[in-house]
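In what follows, chain A forms one complex with chain B and a second complex with chain C.
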Partner chain A sequence: MKIYIRATESISPQLSFGNEGLLADLQVYEANRLSCLEPDYKSLIDPKQIRRMSRVIKMGVASALGCLKKADVEVPDAIITGTAYGCLEDTSSFLTKLVNQNEEMLTPTAFIQSTHNTIGAQIALLLKCHNYNNTYVHRGFSFENALLDAILLLKEQSAENVLVGGVDELTDTSFQILNRFGFFKQAFTNELYNAPSKGSIAGEGASFVLLANQPGNNDNAVLEAVSTFYKPATIEESQEKINRFLLDNDLSPNDIDVVITGRNGDETNDVVYDQLMSGMFRNKTEVCFKHLCGEYPTASSFALWMAASIIKKQKVDKKLIHHGEDVIPQRILIYNHSQGIHHSLMLISGC
Partner chain B sequence: MTEVYVAGLGIISAIGTSVNETLSSFEQHRTGIDDIRFLDTIYRGQLPVAEVKLSNDQLSALSGLPENVSRTALLSTVAAKEAWVDAGIGSPSKFRTGFISANSVGGMDKSENFFIDFLKDAGSGDLNDVKHHECGSITELTADSLGISDHISTISTACSSSANAIFMAARLIKHNLLDVVVAGGCDSMAKFTLNGFNTLQILDEEHCKPFDENRRGLNLGEGAGYVVLVSEKVVQQLHKKPYCKLSGYNNANDAYHQTASSPDGTGSYLAMKGALEKAGLQPEDIDYINLHGTGTQNNDHAESTAISRLFSSKVPKMSSTKSFTGHTLGASGAIEAVLSVLAIEKEIIYPNANHTTTMKEFGYTPVKVFLKNQQVKHVLSNSFGFGGNCSSLIFSKI
Partner chain C sequence: MDKLILELKEHIIEQLNLQDLTPADIGDDEPLFVEGLALDSIDALELIVLLQQQYGIKLSKAEDGPKVFASVKTMAEYITANKA
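Up next is the complex of A and B:
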């Protein structure tokens, strides 16, 4: 059974929202953190509702509604969200008041909106959608686990279409804390991969896809497979897992035209990609995405948005090619890992 | 598609640190709700809660994890290890084994400690205290200690989180993607949640009275529960008979309000109805409902309305075990799943503590005493949460 990517939408540090995705006007930054370029929400969400929503909820809901509109689906059969951090702004707001006011005189709004399922719940609430609704919160697997759930629902015939998204926000507080772990550095985004050193650039985003188990008139691509692997001990083990994934899908590295890698400019992070691109995927075209959206646990959802648009346009914009030839992309492999712990593979091809 | 069997159980809550302790607490009608002993909060002595009666040091010894990690991870690991040993599978590497857990606030008990220093100076606060803030990080501490790595996932849908974890685990087995999954959830007491629920004015200042006409709110609890789900193929290789089957499950959304349930209990009704359909059962086949039954006006009204609608005049025996364990949030679906399985295995039905007055609009009274020698073939377990996330599971005798 084929799974079709009927539509995609993304709010990111790029001009992605409402665009078909080839990033004609790439945004270049010199920064250690990238923030989303947010659309005018008033045209998408009732202004009365907007006032009550925190930024991540607005981004998630707007991206989801934008995706449904493009897919011409009013109410999806399921809504599945992946978010590693959940609603950080509301969480830290409630936590700050709790500490500063010594647990007294607190109000419920921030607490109510702090739960990880708030985005999925708000989408359901706005659509009056009583269907299947789930939220995955497993760090660098959050989006992939959400996709896996969606694929199973479609295969079970429990749903004909499923809205799936990856959403994470970066707040001043989360940036301050993550930065103390030494994850980030100041860099030019267009030079991020030139001289890997310690650290990457922090990012955020909200990217949704509408998956369907029947072809439509204007599908973007086919999602062939998704897989994850956890804490591989060595690079060889990662290579074995990738080979096994391709074999399970009756493919060899030669069947892949473009590899989208999760390179992020960190010297340790990028070693596995260097080895793959000079080994198993030698002579293959490599496209990167984290100089566009920054590093965050559900960044792979932005990569899927990008891959779907590349397949649909049958063209890789030259500006996106990190290494290799200009090819007509028939099949894309996305390989991403988060901190060397969470590795994921997604296979996307033409309809 | 294979059937999905329950081969192992693990549980820790205010009424016991193991399956056996938990069962004897019910039998002796010993609830776990008491004054706050461990949580450092201004509400000590004011709001009763259902804490696990062990310090982090003691939980560390039981779980094998360092005592400075989140209490949520300690609770999680104690229950997951009990479930794993109970299943008698041996090494996880014998099968394609997954671990799917759930929680609502990750390592919040440590994060709130970090914030005290961090708010004074953004350069201070012990980073070890926020290292495991993410929900998924708690899952990994337990998965790593069990040695499970083939599939790792965490679900967070508020109070229905761990029912959804069990649900997803069953589907991965049915699709032949995994053979064995340890599935459940955990949450520890945190100032964040205690204060959050307190601002919503839904905490009972006395012991909660679920499904009572004069109910005043819920008592928060903490704990963890896990089931080991296995395929038919694995059952054939195990030395012991599985407890029962997971025969039905469904997830629906109330789509009414971020925190409140709809007056007609739409989400609850759809969750229960879908689970029955999935199991191929009629309402009259259900012998016992383990209620979500938080004790709030709103939940118990919505849930009882949905039950009336689905079961009409033939309402089965039911009780809310939250009157013993408190509301353990992300753990509750799994703790109650473990209890549902044990109801079938031991032929028992749990009492609903503190119940005195039947709800006028409902007209049914939950079971008030521990019942033995019951015919319990099919149990329905309800878990409903903020965000309208409603899930129901059905366990069936083999």
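Up next is the complex of A and C:
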């Protein structure tokens, strides 16, 4: 059974929202922290509901509603979100109040907004959708596990269409903490990929896809397979896992036209991509995405949005090609890892 | 009383994040729930916390809630009657 990507939507540091994919006007940032370009939410979300929504909830809800609108689906059979950090700003605000007010007189709204499943719940509330609703909070696997759940639902025919999204926000506090861990570059570089140094650039986003188990008239692409592997000991082990993934789908590296890698400019992070692109995928076109959206645990949802757009347009924008030739893409492999721990593979092809 | 009513409206707008409203948009006798501002049960909890935080008043009987929170004016009357 094929899984069709009927529609996609993304709020990101790019002009992605409301546009049919990449990217007429690429936003180039001279910073080590990228923030989403957000739409006017008042025109998208019921004003009565919006007052209880924090920024990340609005990002998630608007992206989800935009995706459903493009898919011409009013109420999906399931809503599944993936988020590593959840509603971070509200969590921070709620915990601060908890301490400052000696655990007394805490307001319900701050608590409601602080839970990880708030985004999925708010989407359901707005749609009056009582169907399956789940949120995966598994660090760098959060979005992938949401996708895997959706695929299972569709394949066992418990659902005909599933709304799946990956959402994470970056706050001042989280940026400072992650920066202290050395996750981000200390100075801006416009040679993110060509002069790797320690750290990457921080990012955030909310990207949704509507998956269906029957073909529609205007599908973007087919999601052929998703797989994850945890903490490989060596680069050879990663290569072995990728080979196995391709073999399981009756494919070889030669069947891949474009590899979208999670290259992020960190010298340690990118070694595995260097080896792959000079080894098993040496003649293949490589596209990168983290200079567009920054590094965050569910950044692979932005990569899937981008891949679906590339497949639909049958064209790779030259500005996105990191290495290799301009090709007409029939099949894309997304290989991403988060901090060298959570590795994921997604296979996307034409309908 | 007028000063308290104005102050209360400002607190309500801030606590409930009623971004598009000003105190002038809320009538003194306008219903807060169902009609008027059309607040809901979560807002009711926010208003209870507001009374406690801003005026040090605990709503002792839950059954008094509908009467106390009928309008800004009834809230102001309750605060005046119960403020130490």
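We adopt the following convention: the second predicted complex is superposed on the first by the 344 of 351 C-alpha atoms of A that agree within 3 Å, B and C clash if a C-alpha of one lies under 4 Å from a C-alpha of the other, contacts with A are read in each partner's own complex, and residues count from 1 in each chain.
Note that a contact is a pair of C-beta atoms (placed from the backbone, for glycine too) under 8 Å apart; a residue touches a chain by one contact, two chains touch by 3 or more.
The model shown is predicted, which means the values in this text are computed figures rather than measured ones.
The superposed arrangement places chain B and chain C next to each other on chain A without a clash. With chain A as the corner point and C-alpha centres for all three chains, the angle toward chain B and chain C works out to 60 degrees, nearest 10. In the superposed model, A:Ser197 makes contact with neither chain B nor chain C. Residue contacts after overlaying the shared chain place A:Ser278 against neither chain B nor chain C.
In the overlay built on the shared chain, the residue A:Lys48 is in contact with chain C alone; chain B does not reach it. In the superposed model, more residues of chain A are touched by B than by the other of chain B and chain C. In the overlay built on the shared chain, the residue A:Pro108 is in contact with chain B and with chain C.
In the composite built from the two structures, the nearest CA pair linking chain B and chain C is 7 Å apart.
Residue overlap on chain A between the chain B contacts of one complex and the chain C contacts of the other covers 106-108, 112. Chain A contributes residues 79, 84-86, 91-92, 94-96, 98-100, 102-104, 106-108, 111-118, 120-122, 124-125, 127-139, 141-142, 145, 149, 152, 155-156, 176-177, 180-181, 228, 230-231, 341 to its touches with chain B in the complex. Of all the residues in chain C, the ones that touch chain A in their complex are 15-20, 38, 42, 45-46, 49, 52-53.
Those residues of chain A that touch chain C in the complex are listed here as 47-48, 51-52, 105-109, 112.
If you check the complex, the residues on chain B that touch chain A are 41-43, 104, 111-112, 115-116, 118-119, 122-123, 127, 130, 134-137, 139-140, 143, 149-158, 164, 168, 171-172, 175, 191-192, 195-196, 198-200, 251-259, 266-267, 270, 385-389.
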